[in-house]
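There are two complexes below, and they share chain A, which is joined by chain B in the first and by chain C in the second.
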Partner chain A sequence: MSHDHHHAPVASRYDLAPERSDIGLIRPDRFTGLRDWLTTVDHKKIGVLYGAFAMFFFLVGGVEALAIRTQLARPENDFVTARMYNQLFTMHGTTMIFLGVMPLSAAFFNFLVPLQIGARDVAFPRLNAFSLWTFVFGAFILNASWLFEFAHLAGWFKSFDWYNALVYRDFAPANGWFSYAPLSGTFGQADAALRAPRFTGVGTDFWIIGIQILGIASLAASFNFICTILNMRAKGMTMMRLPAFTWMTLVTSFLIILAFPAITVALIQLMFDRQFGANFFNPTAGGQPILWQHLFWIFGHPEVYILVLPAMGIVSEVLPTFAGKSLYGYPIVVFSGAVIGFLGFAVWSHHMFTTGLGPVPTAAFSLLTMAIAVPTGVKIFNWLGTIWGGRVRFTPPMVLSLGFIWMFMCGGFSGIMHAAAPADAQQQDSYFVIAHFHYVLLGGVLLGLMSGLYFWFPKIFGRMPKASVAYWASGLVILGFNLAFGPMHYLGLAGQPRRTHTYHAGFGWETWNFVATIGAFILGIGVFIAFANLVWTVFRGEKCASDPWDGRTLEWSLPSPVPEYNFARSPVIVCRDAFFVHKHGPHRIAYEQDGGEAGVHMPSQSWMPLLASCGFLLAGLGMPMSAMGVPHVGWVVIAGLGVLFIGIWLWALEGPGGYMLKTPVSPVSSAPAPAEASSAR
Partner chain B sequence: MSDSAAHAHEAPTSTGIDHKKLIMWLFLASDCMFFGTLISTHLLYRKLYPTGFTDAEGHQRFVQRLFDIELTSFSTFILLMSSFLMALAVSAMHKGGQLKSFRRNVLGVIIFGLIFLGCQVYEFTHFYHQGLTIQNSVFGSTFYVLTGTHGTHVAIGVLWLVLLYFYSFTGRLGGHMGALDVEVAGLYWHFVDIVWIIIFTAVYLVEYLGPDGIWGNGLPPVPGLTP
Partner chain C sequence: MLSRFFARVGLLVLPVIALLTAGCSEADLKVRQSTFDHKGPVARLQYEVFMDSVYLVTVLFAVVGGLLVYAVIRFRARPGDENKPAIVEDGHGNPLTEILLIVASIGALVFLAIPTLKGIWYTDDVPEELVPAARLSAWYPRAEGGVENYAEAVKDQVLEVDVVGKQWWFRFEYPQLGLTNEGRRSVPNELVIPRGVPVRINLRSEDVIHSFWIPKVAGKVDLMPGRRNHMWIQADEAGHYYGQCAEFCGDSHAYMLFRVEVVEPAEFTRWVSAQKKDAAEPVAGSRAAEGKALFAAKTCAMCHNVGGHFGAGAFGPDLTHVASRKSLAGAWLDNRDPAAQQAAVAAAGGNTEASAPVDHAVQKANLIKWIGSSGVLHGDGEATRDVKPGNRMHYYKMFNVAGLNETRTQLTAAELDALAEYLLTLK
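Now for the complex of A and B:
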């Protein structure tokens, strides 16, 4: 058995003797600094890394958004070219969705789920590290297209003989975040090199492989989280005692594993069209571009709920905490979340009302889309019911969560308008749609995620962000957001088309476009201040108590920052909101007699997840470059797949390892005494 | 083979299902959607273009006459039998780690898997020489990508089993965790087999229903959309 060679329990992993894995390499358990972060399998560190990368990409996507708004500030502006504009809005959408919101949600999943269910780690710690690094490299590949674009603009490529063979126009993706075929695909006959002519440049190839790799990262993470939530709950933590955030993580993860295969297949088909001259979406050879729309939105609509459900979970934790009441109608909130997830698979064609589906499917999708407003509305009323009659405390996370409810509702109202197919036919491809989904994704999701950041930051780093700065930032974000996107409702109904790099004067669009641009900059400044406040807090923030908000769920029962073993002794749960009841109610949290001098089992760190992910990096950079016509780069792709295989193989062979870590437990209990905990308010 | 946290084989899980088995079931659920999408694509295009494809010489070709149903039936049978051997290999591990029996059966699975892959390679080459390419028709695209993706799944399965076979000589493939590793590989193998049964039915057998095949060969193609 590979578990026989455990060392005696140690007080710290730096005390470990060097231990060799099953393949004879020394396990990287005792590193500090960079090597520790690169090999870590600690869900909390992985969560922090997800969060840091996500916030970075939020800023990148934000800069792209501001460039778009600058271009649109006045009619016939020439701040960027039409070609650059296409790349900007495509990368803005792709970045915000796949590199901003999803990884920031994943940061919360990682940090919180094991803590909320009373576990010491996720089910597959190394797979978790693999998800992280695969996401990082996928994000890098997508954005590497910008490096090629800038090099191209600077004229660096002209000395290469393959410059003339370059696939014209765009190095960064330029099809919109949904890359509709046939624009993203091919036309006509394939040549001897199996390549058919195409409408867009190599940016689309970067997009295809980047999204594919990001999808693998999301899938691996979701398998892991479902396993963790179903299998690693503390004693007594039944499904209906799970915190609402953990429930939403579970629903989101199921959405990911069932929705991502559709986009995976669509991307494979598109890749075959572009790289090998296949005809899936090639209209001149009989391919049906509308198939792309179906496959994309079968993924794309559940994706909307993948983005919003985690934010709903966060709000469902923040509101009860600051209202001092339990979540009103907890089972209904959970059930509504599951119903939203289920119905989310049955409404995709409402993105395609104007494609001519016919009256029956249009009516069916219209009705189902209206139906999905019901569980969403139920949640809104439950949140209101939670605040109702509560002793509401205003804090930055509370303000942001209240902002979430209000802004998300506005987005919901315009969503209902889209559900009516005749109205949608008028709104399709106009700024009204932009207004709608930014109210949902920015007013909703971003405010929810920011609320979560300000809520859990004291737990993650043991330091409290400056409240005054946070209020200012929240105010600027909400003000700027409404200034930027409120007018777009009008602009859309007045006919301004989306994805168009400029407009003529005289349509009555000038004023509101200018207002929207000012709003966008206020919003940008607000988000920047909010993030800067957080970064400052990490290093300089004021230290705070372990339970500064009078929290309700298990993570608040732990010291801040949370020790690497999480729970010195495993908790035994007897009710929902166990820690709040422990402090103020009739039931104390009991603890199992594990840990202490005997130690708890900790998983070993490993280089292999990073190594395997590096395979994706090589293959992912090689594929678009081979589409560019760079010679011999096909070998890089093959080498990348080889590295991936070797990484996974060594990962399997090295064995999980692990060591025993002593935990400091008092003879009676490791939970803070009720009085002490509540005095920390 | 892969990792799991904190003495997963000792500490009972909340559901009573091992982490590895649960994650494999989740992966298979996801893979169902994956193959579902591919098979749907193929069937949609078959319905849209019932007449088959045009070869390099410009001749109209019928799918029914392209397929060699005897060969495909044979390889289907071989894959089914490999699942039987896989079940025996899993059973051997569950009966207290009978490694010799495990190796014998898993070697059989590997050989049968390779025979299946060989048949597919032969089939692809044969079809290619018959004029069906991935470029010359929508049917070529959907057929090669669908069956090729399945073939890739089989190839990964064979690779996995080869590694398990050699791993069994290290002495680390034993006990509950060893049996679990083999069982998880078995789940994957059976799933890939079941998917093939569906592909064999939906892609091959339906072409032979009725005198002209289910897609009604001989219908004029949709004007302007001739593949």
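Now for the complex of A and C:
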């Protein structure tokens, strides 16, 4: 490494003398409290922040879902208006996918990957902080649309000229998470100001810029994890010894960097259509609305696997732990994950069977979609094989993982039904589809992520969540979920279309919609209890041992909470499930002679990632406001881009810094508490 | 104890749901838009492919789910395990097992792939074997009483209907039979087709994407702006069917419904002739005549065509025969008496295609509700609690006609009544 270290190794970063970066600013390494969290580059803290924000947005998306279900509880209900309903389901889908599941997966990537591969941090710690804050600001911009919508409904804008000049006064997005053009785009010829007529107002602009910024966060994080996993593995941690979760992180990261460019391009085209009168998707000017669908789904379908593969990785860690048996068919589980990722790019048009593709493409995508059931089935068989012959211990994470397998399997079965294109002609855009993807994404992914939360929480905070509460929550979640979404299979086949804010009595949909609403509230209560139990545990939970589950992978060899340098000495691995074999089998984990008094190299904290992300915040808020016609706000956009540029520039110029931190020499889990615990100010 | 209890409850929920669903009565499978109650070859094929997939996944579910339940119960931890070696042997998988499972999975999917492929081609366009009997010349007299019904050039064609989607209603045109919007005689929201005859449907959109779905007759195909999609349908039982837009198309997507009247071929030809007739002149001095004057004065005629009275309107639904229709406002408002309709369905043994006739009192109330709530009161493009929020009845701004703003004043109750009386004469 080229940078020099001015200081001798210290026992704690609070002992560091103030150090100036290459641009002369004092590095924020010695901060505590809020300023520490804002400038942190520690992958564990970043993971915790990702998790906290994700859980918050899960609750936001959940409240939106309950509003949707309340509206649908009885026919011709008027709990919300049509417009508000459309905004609710748009924001519900967008929030759950981009602000709930993806960041919660990212929380696990961040916290676990370096620990599982025996590394001290990710490859690019400051880039990691940048991903986090960019995600947070992207999420804020998306939800800021609600603030504008509420201000509009409350009439606070009535005295503004720009408001009175607006043709469309919808401020929260109302196009669905898929935002099909031309509903989201333009229609007709652009005027002299390069604005073409459109169907929706600035809600769509909020959505476009919000998703664009979230995509940047995801891309940056993915490059980081790919580099980390490929380059920072401990000695002996060969690719085929990687824990299954780390493998799924790698596959997911590749999916993100290959899938997001498609949506990035599509969003830019849509933005150009709306802001500058381009005609990519404008059918009256020779544009092709179908192009949006292809671009969206060639991102959108891999996105499904981006959501589900991390949860599969979690389940592949939880099951072996509580079956007391190594993952059955590890190579084929890993390989099938990669095949799912690969085939995930070849099935996008099954979202478009009803768009008039013609028989040959429909047949091709039908067969490919059936083909993707094979590697998915392989995973389920191998999880079954993992349990087979094991000694299954029931714990909250195990119950949730078993729930994952059941719900995901059911979602997979209805997925096979959609793959048969003629059957799909009846199911497409009906409640049957809603049932299908909620079984996959809620029954599957959410249960998997909750399983992961309950599994690794003792490692993250050193405290054990209350099992009895966790069981009650899991029971309510599984019961409520099935009650909410099971009947939707019937509703869809009984002809109820999705994305409709109301329905007539007399179509036979009343009873099961009411049951679904009751189920949704039970589910909501269950998720709330599950999350509240975790939050309570952070502050009041019972302290627990560093390896409470008899864990198998390297993170369980570390103290809980994990010290900031992770490994006092770098481990050397000779087999899969290294820590389990270390405890019970023939091979011990060896350790390199690094660390100790000579110290380990720690990256310096920095304000620059946060500063650069603030540029996105300004530009991202400014663009929709500019589209509203708020005067002078175009300058805010330019200022935001300036802040972004300056942030990245100073980031480059400040130099990576770093300091040497002493570590206790005994590296195993029974090691004494980290030195800084006693010397912290 | 608690853990086992919840583990088992969790695993039992699904079969319980499955049983509940299986316990539904037959009537639940015959509701208005049920895909189970197929009434034509396309929907029947789609149902059969669906049932193939149901058989397949039921077997898979029983096998995999059964093994999972067995494994979780059989291999649960027991007292005394702690004395056994911690490392369980043979944990790394068996290549033969894996290969067998993959081959079995592929075999299972081939079972579904074959009917799927057959179905894709069958549902794409009117099958060759059905074409001879479906030709117009095979069932539709070319001329009656010296009046040509359709041109010689189209006599060997299958009946075609152009379906045009707009926010938020459907327009139906029969170009071979001279019922077109260009010719100022199209049919909004109530598609009429002959029983037992394949009909080719051409799908067009004039704004955003919509989707055409009559669950009992055929699965959906989208109406893509700028593209020319098609499908074919055939209904084998006469009756009144329910359809709905299935692609999210904006504020009032939920209100974009339509109806299909399936009638005997002979009645269909009579219906076409009746559609071509112009509206009769209302009795001079009547409320209806007053309404006719208002129809022009309040600019209704700018968008709505009334054959024989007003010929300028091409944008909104054709109202020449509005009083003959069983629904209004994109089929959201039903013009039949609810009790009479229930009785009709009950008399037909629960067949939801049975229909009561139009109830003119209900129809008039609907007309007043619909016109009175639309745009005249809310002129600023806002979503409101209208019958159909955002509907174009108040979308006068897009025409940019000088002075139009001033003419759009609120209609009085008397004016609404007169307009409704006029529209009721348009049989």
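The rule is simple: the second predicted complex is superposed on the first by the 660 of 681 C-alpha atoms of A that agree within 3 Å, B and C clash if a C-alpha of one lies under 4 Å from a C-alpha of the other, contacts with A are read in each partner's own complex, and residues count from 1 in each chain.
The rule is simple: contacts are C-beta pairs under 8 Å (C-beta built on N, C-alpha and C of every residue); 3 or more make two chains touch, one makes a residue touch a chain.
Since the structure is predicted, the reported quantities are computational estimates derived from the model, not experimental observations.
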Contacts of A:M232 with chain B and chain C, given as first, second, both or neither: first
Partner chain in contact with A:A11 - chain B first, chain C second, else both or neither: neither
First (chain B), second (chain C), both or neither touched by A:G329: second
Residue contacts on chain A - larger count, chain B or chain C: C
Chain B versus chain C as contact partner of A:R126, first or second or both or neither: first
Which of chain B and chain C A:V535 touches, first, second, both or neither: neither
First, second, both or neither for A:I638, with chain B first and chain C second: neither
Partner chain in contact with A:G287 - chain B first, chain C second, else both or neither: both
First, second, both or neither for A:G277, with chain B first and chain C second: first
Intersection of chain A interface sets (partners chain B, chain C): 287-288
Touching residues on chain A, where the partner in the complex is chain C: 78, 81-84, 86, 167-170, 174-176, 180, 182-183, 187, 197, 199-200, 283-284, 287-290, 323-332, 354-356, 358-359, 362-363, 366-367, 370-371, 373-374, 377-378, 380-382, 384-395, 398-399, 402-403, 405-406, 409-410, 413-414, 416-417, 419-430, 467-468, 471-472, 474-475, 478-479, 482-483, 486-487, 489-490, 493-504, 506-509, 580-581, 583-585
For the chain C and chain A complex, residues of the former touching the latter: 2-7, 9-11, 13-14, 17, 20-21, 24, 27-29, 31-36, 43, 45-47, 49-50, 52-54, 56-57, 60-61, 64-65, 67-68, 71-72, 75-78, 81, 85-88, 90-94, 97-98, 101-102, 105-106, 109, 112-113, 115-117, 119-124, 167, 203, 207-209, 211, 213, 215, 218-222, 224-227, 229-230, 242, 244-255, 332, 338, 380-385, 389-390, 397-398
Of all residues in chain B, those that touch chain A in their complex: 1-8, 13-15, 17, 19, 22-23, 26-27, 29-31, 33-34, 36-38, 41, 44-45, 48-49, 134-135, 137-138, 140-142, 144-145, 149, 163, 167, 172, 174-175, 177, 225-227
Partner chain B, residues of chain A touching it in the complex: 1-3, 22, 120-127, 189-190, 194, 196, 219, 222-224, 226-227, 230-233, 237, 257-262, 264-266, 268-269, 272-273, 276-280, 285-288, 291, 295, 298, 600-603, 606, 649, 651-653, 655-656, 658
